[in-house]
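One structure follows; several queries about it will come next.
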Amino acid sequence: MEKCSQAPEHVLLVDCPDRPGLVHAVTGVLFRAGANVTSNHEFVDAETRRFFMRTACDGLLDAPAVEAAVAAVLPEGAQVHFRRAVPRRIVVLVSREHHCLADLLVRHAYGELGADLVAVASNHEVLRPLAEKFSVPFHHVSHEGLGREAHEEALLALIGPLKPDFLVLAKYMRILSPRFVSAWPNRIVNIHHSFLPAFVGARPYHQAFQRGVKVIGATAHFVSDQLDEGPIIMQQVIPMDHSYSPHDLARAGRDIERTVLANSLRLLNEDRVFLCANRTIIFD
Amino acid sequence: MEKCSQAPEHVLLVDCPDRPGLVHAVTGVLFRAGANVTSNHEFVDAETRRFFMRTACDGLLDAPAVEAAVAAVLPEGAQVHFRRAVPRRIVVLVSREHHCLADLLVRHAYGELGADLVAVASNHEVLRPLAEKFSVPFHHVSHEGLGREAHEEALLALIGPLKPDFLVLAKYMRILSPRFVSAWPNRIVNIHHSFLPAFVGARPYHQAFQRGVKVIGATAHFVSDQLDEGPIIMQQVIPMDHSYSPHDLARAGRDIERTVLANSLRLLNEDRVFLCANRTIIFD
Amino acid sequence: MEKCSQAPEHVLLVDCPDRPGLVHAVTGVLFRAGANVTSNHEFVDAETRRFFMRTACDGLLDAPAVEAAVAAVLPEGAQVHFRRAVPRRIVVLVSREHHCLADLLVRHAYGELGADLVAVASNHEVLRPLAEKFSVPFHHVSHEGLGREAHEEALLALIGPLKPDFLVLAKYMRILSPRFVSAWPNRIVNIHHSFLPAFVGARPYHQAFQRGVKVIGATAHFVSDQLDEGPIIMQQVIPMDHSYSPHDLARAGRDIERTVLANSLRLLNEDRVFLCANRTIIFD
Amino acid sequence: MEKCSQAPEHVLLVDCPDRPGLVHAVTGVLFRAGANVTSNHEFVDAETRRFFMRTACDGLLDAPAVEAAVAAVLPEGAQVHFRRAVPRRIVVLVSREHHCLADLLVRHAYGELGADLVAVASNHEVLRPLAEKFSVPFHHVSHEGLGREAHEEALLALIGPLKPDFLVLAKYMRILSPRFVSAWPNRIVNIHHSFLPAFVGARPYHQAFQRGVKVIGATAHFVSDQLDEGPIIMQQVIPMDHSYSPHDLARAGRDIERTVLANSLRLLNEDRVFLCANRTIIFD
């Protein structure tokens, strides 16, 4: 298994209606193409009756030809991707909190992020020195004096040319409009500092304190039109007790926020995340 | 520390407005009374400025006299209890699911529950054989043909004479009226099969499946007038993935539901749980 | 996915040297046999270069014929099993502690164990009433006055005719001889009350206390000739602090011991556990 | 409670043989000195019969006078410290791995470490750029061509004048001699990449892989003469499965190594850690 010891050369991704014989058909194409399969995952979602498959393989392969050949043995409407496993480009959006960004920068600097962190954009200046320590371009796109629409236009004008595969909201504290979100369907990842769906919206640690929970969490999820309602990629929790103030909860929570966000990006970058209704299928 | 290796003979519980010198004053009373303190916990809640203290001690003590002497050194309005550490009486309410009840019965049978399980009451017959295996009286109080009020009257008529210290809802699937709840203020404990406040109400595992969470939980809490809104005593979680159906979530969740419920009762029975606003202070 | 919502009708298990095309070959046999595959897992162990596969399927199938046909497309020396998914027979060995046995009995009584608990055997009488509450035969095989060999002979004479698929040591406190173990290769499961390989041998909670660990664990593993050295099936841990006496550690540990043991048996009974060197491959 | 929302002005630490009336006596001294107690923890170790107490307080206090007055009411041989809560000085030793150091540097840069990270020393040059990004002095003390004794002399010559309160081994891969360790009794903290006492010594992730554990851990502990045998401060674990290579285990483990180390330093810096036999008492 490649896992992450060593990236595979290619990854095949299939998402289609289920029917008998799919695995046999797909693996037949790969076998005939001379692919050396290093890992294979399949799943059929009982609710939607969709079939999901991820196959990592090595070998001298003609990617477009393999993709077409796989598509030819699948039901109509199948989504098939066969791509070289190259790092994805990400742009990170931040506001004032440093911990998630710092974590991504360190992993990036040491080749552990998987992705290529091409730029940081922020509505504040405060994290510029951090990004620049790691030689990652930092762009300040102030929201001062701008309406949301105008601010998002400015962001889009900056981000568009960078051609990111994913936008990563690493404690970006502004709500994105449906219009902005729709420009990056299922390509914006957010880290929310609660165990969603508990404590949607602002100040989740204060909400958690008031509710007196004994466990707090962090959730990485895709951003959709509905605030904090997008498909969940990863969640992690830590125990709490009555002695934690909201400030303590925030401190403790930072340790899981950054871990959850970075590991979610690893999954995304390795093409391990499929969408199914408002849920994710994750082949890890 | 006594913890649970060996129950202490007495427990002192204090809940009062904070002011300097409280620990010194209270421990002075105990020292002069000849108490041998085996453990001591204090906490001041920053929000309410209330002081909480639990002291376990041994020795030949005149409990009412000690209680009065402690009260005399505390601010007005202090709640003081000094009591012999005897097992509390509990009545367990169930519906059809056996796993929490079975767990409580086994612990009770082997002296590990801490509490005295005096009876089981249910709106169904199905768990009678289980209770009777362990020689615990089982009372069927059917709700058929009765309105909620009449059913609760019947329950109260049964439970009242049993003089329980706590009512334990071990997967009791009917919602209790505010009138019923008010008869046992902060003395009804429920196990809810989610990580509250996520998935309040019915069918939390189905809700969890639809939302696609990656962690599920169980919550033991006091029952208040607001459904699933009472103070939380204990929470525990387990990781999930996309392959779990709602049925699988329910199966996996049972393992934590019963553990959380039983351990919450241990805390209650050992007088380790204080209420503070809608939160609990737990000295474990 | 069947997971456990609904047991599949058949399970195919393959363990063989890896080579290209195995998945294609095996799924081809199943497809041609008219099997309806409901879940599929494969793994190649990087160290041993062995290929493992578990496929659950439904359909009117001739099991021996399918097994032979699968074997025919695999490398020499392949282990292939295609079997109807019927509950396995287990015999449980205990000594004096009740908590794991009680848990298995309750799950068995409510159809949640997956396995068929055919008998309990013990070197003590103390748990007889518990087994008999649940109408499971209890056999006292005293070790008093017997050497280890003679005692094991007596055990074997009892257990052999019961034809169990697995022996389950649910806090059985005697060490089994290599001779006994070799009679049930990889078919004896033990629950050890520590996070192995920490605290091998006797009194692990006392060892844990002395070492001052901040986490304790439980380990379900196959029994091999080497004490506590067999392949690990499942482990679970819980946090500790300095206030836990060895007695408290034991109490807290019981909650995970029984959960780990029962869930390990679910995995075994559903044919989800493969052996690979001294490790397990688990398709859950 | 101060926890970490706001550092207290002073902390009182008591470690002495237990006897009745200690809490009363100590709190009496503080009350008469006009201290405003913000949190209070006590514990009596059942095995050693020693009493431990940590009290955080504010107020215009004459620290040496309070310390002397507390000592006067305690049994002979009591260890009493009453000190202003100022950040401790730490020197971090590293080899080639960056993740723990990066984490400490980021926390330090943003005022979240609690301690004052005065220098980094290493037997390699490779982490110099990382330390220098954060303007922390980096000292290369090569071991090449030196025996262990000579190398440690060089280290001591560097570190001594820096007057650290604690030495932190953040993946420092050389074993320290008893002579070196004895120069900093209970003041050297190490992060070990396993759940001690499992996998003592070199290459714990390879050991974990070979043993086939289903959980891996990280342990922060004081360094003593015995390799990996010193008192444990904090441990954390994460679940594993068969698909993790040793390389994957190492990657996953890094997430907990750095979190455990940083949080252990927070505990130390806030004077929350007491030693008792080979165990720690932690008031958090």
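The letters A, B, C and D name the chains in turn, as written, and every chain counts its residues from 1.
FYI, a residue touches a chain if its C-beta (ideal position, glycine included) is under 8 Å from a C-beta of that chain, and two chains touch if they have at least 3 such contacts.
These figures come from a predicted structure and were not determined experimentally.
Seen from the Cα centre of subunit B, the chain whose own Cα centre is farthest off is A.
Two copies of one chain, subunit A and subunit B, touch each other, and the residues they use overlap strongly: the shared fraction of interface numbers exceeds half. For chain pairs A-D and C-D, the one joined by more C-beta pairs in contact is C-D.
Each chain gets one centre point, the mean of its Cα atoms, and the points for subunit A and subunit D are 35 Å apart. Each chain gets one centre point, the mean of its Cα atoms, and the points for subunit C and subunit D are 40 Å apart.
Across the assembly, subunit D contributes 1, 5, 43, 46, 243, 245 as residues in contact with two or more other chains.
The touching residues of subunit A, when paired with subunit B in their complex, are 43, 45-46, 195-199, 210-215, 217, 231-237, 241-243, 245, 276-282. Of all residues in subunit B, those touching subunit D in their complex are 1, 5, 20-21, 23-24, 27-28, 30-31, 36-40, 42-44, 46, 239. The residues of subunit B lying in touch with subunit C in their complex are 1, 3-5, 98-99, 102-103, 106, 110, 112, 133-134, 243-245, 247-248, 251, 255, 259, 262-263, 284.
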